[in-house]
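In what comes next, chain A is part of two complexes: it sits with chain B in the first one and with chain C in the second one.
Showing the complex of A and B:
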């Protein structure tokens, strides 16, 4: 494994409490972990476990209640948002809601250059866009002049990833990008993650409830349950040799090819 | 074991604006035996959900019937009028659970009101109390809490809502249940509970057979007796569960199987298939094999002529150059 020990992101005792009237909900409860350079980690848990809340805090879209997030040695509170987002980008479950539906793909992709510190003319931009689309196996001629509603979910998700090839962030937060698409496209997305890491040295935090995908692609896996990370370790260790009862139950519920899954009572 | 349902060369299309036709089901034949679970799998847009809704015989616009036959227990579904279909066939002989059915529950009604509504629609003589009592008994038999009847849909979790839907749609003991993606949008634990419930319905002979539509192949591995692989409006391969999952012969089936990723020993070393392109546009006439464009084994013949469905060893396959199975390193796939 060509992992380096340089820490890209460090999360320290991160907590988020949502308050509504007198009700308090602790969505994220004193969570700490770090992500290294070129590392792919997965944050796995059921709906409501707090995964997305963590993603939003790391992306600086949501303020934490307490705790800190350190990116490349600096607290993200002290980093200008524009500079931070040059380095940390996200992709989300529903690619359609991430795009302005009134703009064609070309316009959306050209706009993504705004975050960069270098300026490009349109010709330069288009060259980079075409290369990025080719990296995600999309024929640029097929999509550039189209509106989001003319494209399939899988195409849109890959266009989202093409943006990542343009912006070249150091860290990608991928929040359930595979849950709306079927198995062949899922496999393609995982391949793209590996490509991002190989080509650009991107660290990736993959947030998913799909344990199979997490096991396949990750270096390390964090299992989340009710706002806490209940188990963390290498993918092999966490999935093949889980310690925590919750992890064990979670893995047992996943249908595999070789182990019996349905245990109906014989009456 | 008799044949419960026979579909012959069924064609149906969506009528689009400008008079275009989107041929979502373009010549599908299938049989469903008594006591059997048939899985139908394929990528999004392959026509599997359209096929399911055709089987109800209702053909809501813009979906239109073109040709072919559907015979259910000797009844010609296509030529039965809609009123009879609704009153005495749907729900009684064949029950259809459409995709995200659980979100279609009326949020302002308690589950029991819904039960009474639906039951009385089919059996006008039934009183409200009797209808609810029947539902209570059924829930009890299946060891589910009967309190769900007193609840509003929003008070139930996704998994519980889906199980309730499954129970309610089988209240009239339909011979066949057609379930379209009943487990998608549920977390893994709820998925398993829904599947266990469906298996129990079969074991207790509340229903005789099922058609299970999903793109989650690992689930079909555990519920289906036979599996049909659908692509661009047609079946490309139909066989027993082990034939399809562990020994696929159609190149497309093989690609689908190698894209399965489950938490299992050896999975991390697996090479994922590289397949690009998209299924063909169903608005256009397709020449040759529908998978030829994306198939690594395609020859000129494949691009010119569409192969027929051929049967060998109980497996049907629509391909000029099927894989030879064991000679290929099949086991790296699974």
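Showing the complex of A and C:
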């Protein structure tokens, strides 16, 4: 895949400190990176390393304590939220709580048209919805009239991706989209991300704790540990020649078949 | 609709609902079709129950049974209206404080706490005394305005937990505003709870009205269950042994409140699976 060198998103010295009473927790500590057009990058780290906080800040759902996020050359503080969300969208970890359980799938997907510039009538919307569902390999007749709790986790997460096919953002932040899905469907979801990039030229930030998955899908990998990015580079480089001890530990912990699995000790 | 269907599985809820609706529609239908004037004096003071007057007469020589039916209608009206007002104010303040957080939360929280620590019955008495004429609606409004704080608190707590859910974030990413998110993404999840609170508020509204009226601060120119008790107290029904003047209204208040509380218990068992045995 040929990459363009145009920067889609730039994060500069982003910091988030949560204050509760006298306690201060630095969730994200002076993080800087950039994402290019049509690039898939992975942010890898264990639970509590600050991955989701970064995702929420990039999605403009959470204010940063300091630092800046630049999208297409503009600070996101200067971009109207509605316009920003037309261009930057997200998928969250838990498909079961990403849906309002009182509405059927059709209504959930129709609602996503609200962020778009153009207005559609219901017929036009439904045509686009059906096309989007077909792109994520779901039979529209199977799900449109169903409530979220009648669907499986894998189906719901694919419907969330169908939402992205409808909105066609320039950047997708996918926060652990595969962690609650069984392993066979995981590869499926990752293929859909590649399809998104090919068809719509979407840049994708894939957040995961699974370095194996990250290697499988991404152009570049950022390793996060305790709120800091400790290692960054192309997927090959990070996996084959890790510099930081934390990265080395992560890679050694990936279980492989036909090999005894020994856990390394790390903090 | 689904909510109603699950509720109808609870025996307690059905019993409570039936008793309440029976009393409500009984009094509504009787008062519209009957030609009796409840204030008409049809006998002497404290006549014991007889064939003509099933529950005897009161201190003014009025038929207690007819008074009781009219009083029931008044009490339920005050209860429902004050319940609606209190639930509405409580839910609005609770969701606003919980969803917006920060400064607005602090301000609304202090107001709520202020209302909580001031004994509401004292405010009720002071307000009622200061008003020259007290209509039923005004009384219901006063009761509603003084009894919302607990609802606001509980709703605020639930909202601040619900707003961190991912479907709320999704709605934000769809560009939905605060009002839309509260109405679509937060309120439906609390609907069962708000309904329960409403029922409790109706019950406490009826009790407050009875309490106020008993003290002689009830609505002017109407009969209510509390006012019947107040008359019985003033005209020494207890000392003269005229039990029919005070036991029926007291019992009716008890039955209405009981039916509402029983509905509430039934709902609690449906919505709170831990209570199911």
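We adopt the following convention: the second predicted complex is superposed on the first by the 258 of 267 C-alpha atoms of A that agree within 3 Å, B and C clash if a C-alpha of one lies under 4 Å from a C-alpha of the other, contacts with A are read in each partner's own complex, and residues count from 1 in each chain.
The definition used in the following text is that contacts are C-beta pairs under 8 Å (C-beta built on N, C-alpha and C of every residue); 3 or more make two chains touch, one makes a residue touch a chain.
Please read these numbers as outputs of a predicted model, since none were measured by experiment.
Clash-free side-by-side placement of chain B and chain C is the outcome of superposition onto chain A. Judged by the touch definition given at the top, the superposed model places A:112 against chain C, while chain B stays out of reach.
Measured by the number of chain A residues touched, the leading partner among chain B and chain C is B. In the superposition on chain A, A:102 makes contact with chain C only, while chain B stays out of contact range.
When the shared chain is aligned, no partner comes close enough to touch A:50: not chain B, not chain C.
By the touch criterion defined above, A:92 reaches chain C but does not reach chain B. With both structures placed on the common chain, the touch criterion links A:59 to chain C but leaves chain B unconnected.
In the superposition on chain A, A:240 makes contact with chain B only, while chain C stays out of contact range.
With both structures placed on the common chain, the touch criterion links A:251 to chain B but leaves chain C unconnected.
Rounded to the nearest 10, the angle at the Cα centre of chain A between the centres of chain B and chain C is 80 degrees. Closest contact between chain B and chain C, by C-alpha atoms in the overlaid model: 14 Å. Of all residues in chain C, only 165-167, 169-176, 184-185, 188-189 touch chain A in the complex they form.
Residues 56, 59, 61, 81-82, 85, 89-90, 92-94, 97-102, 111-112, 114-115 of chain A touch chain C in their complex.
Of all the residues in chain A, the ones that touch chain B in their complex are 46-47, 137, 152-155, 181-188, 190-191, 209-216, 235-236, 239-240, 249-251, 253-264, 267. Across the interface of their complex, chain A is touched by residues 43-45, 187-189, 191-192, 195-196, 199-200, 203-204, 215-219, 221-223, 245-246, 255-256, 259-265, 267-268, 270, 272-276, 278, 334 of chain B.
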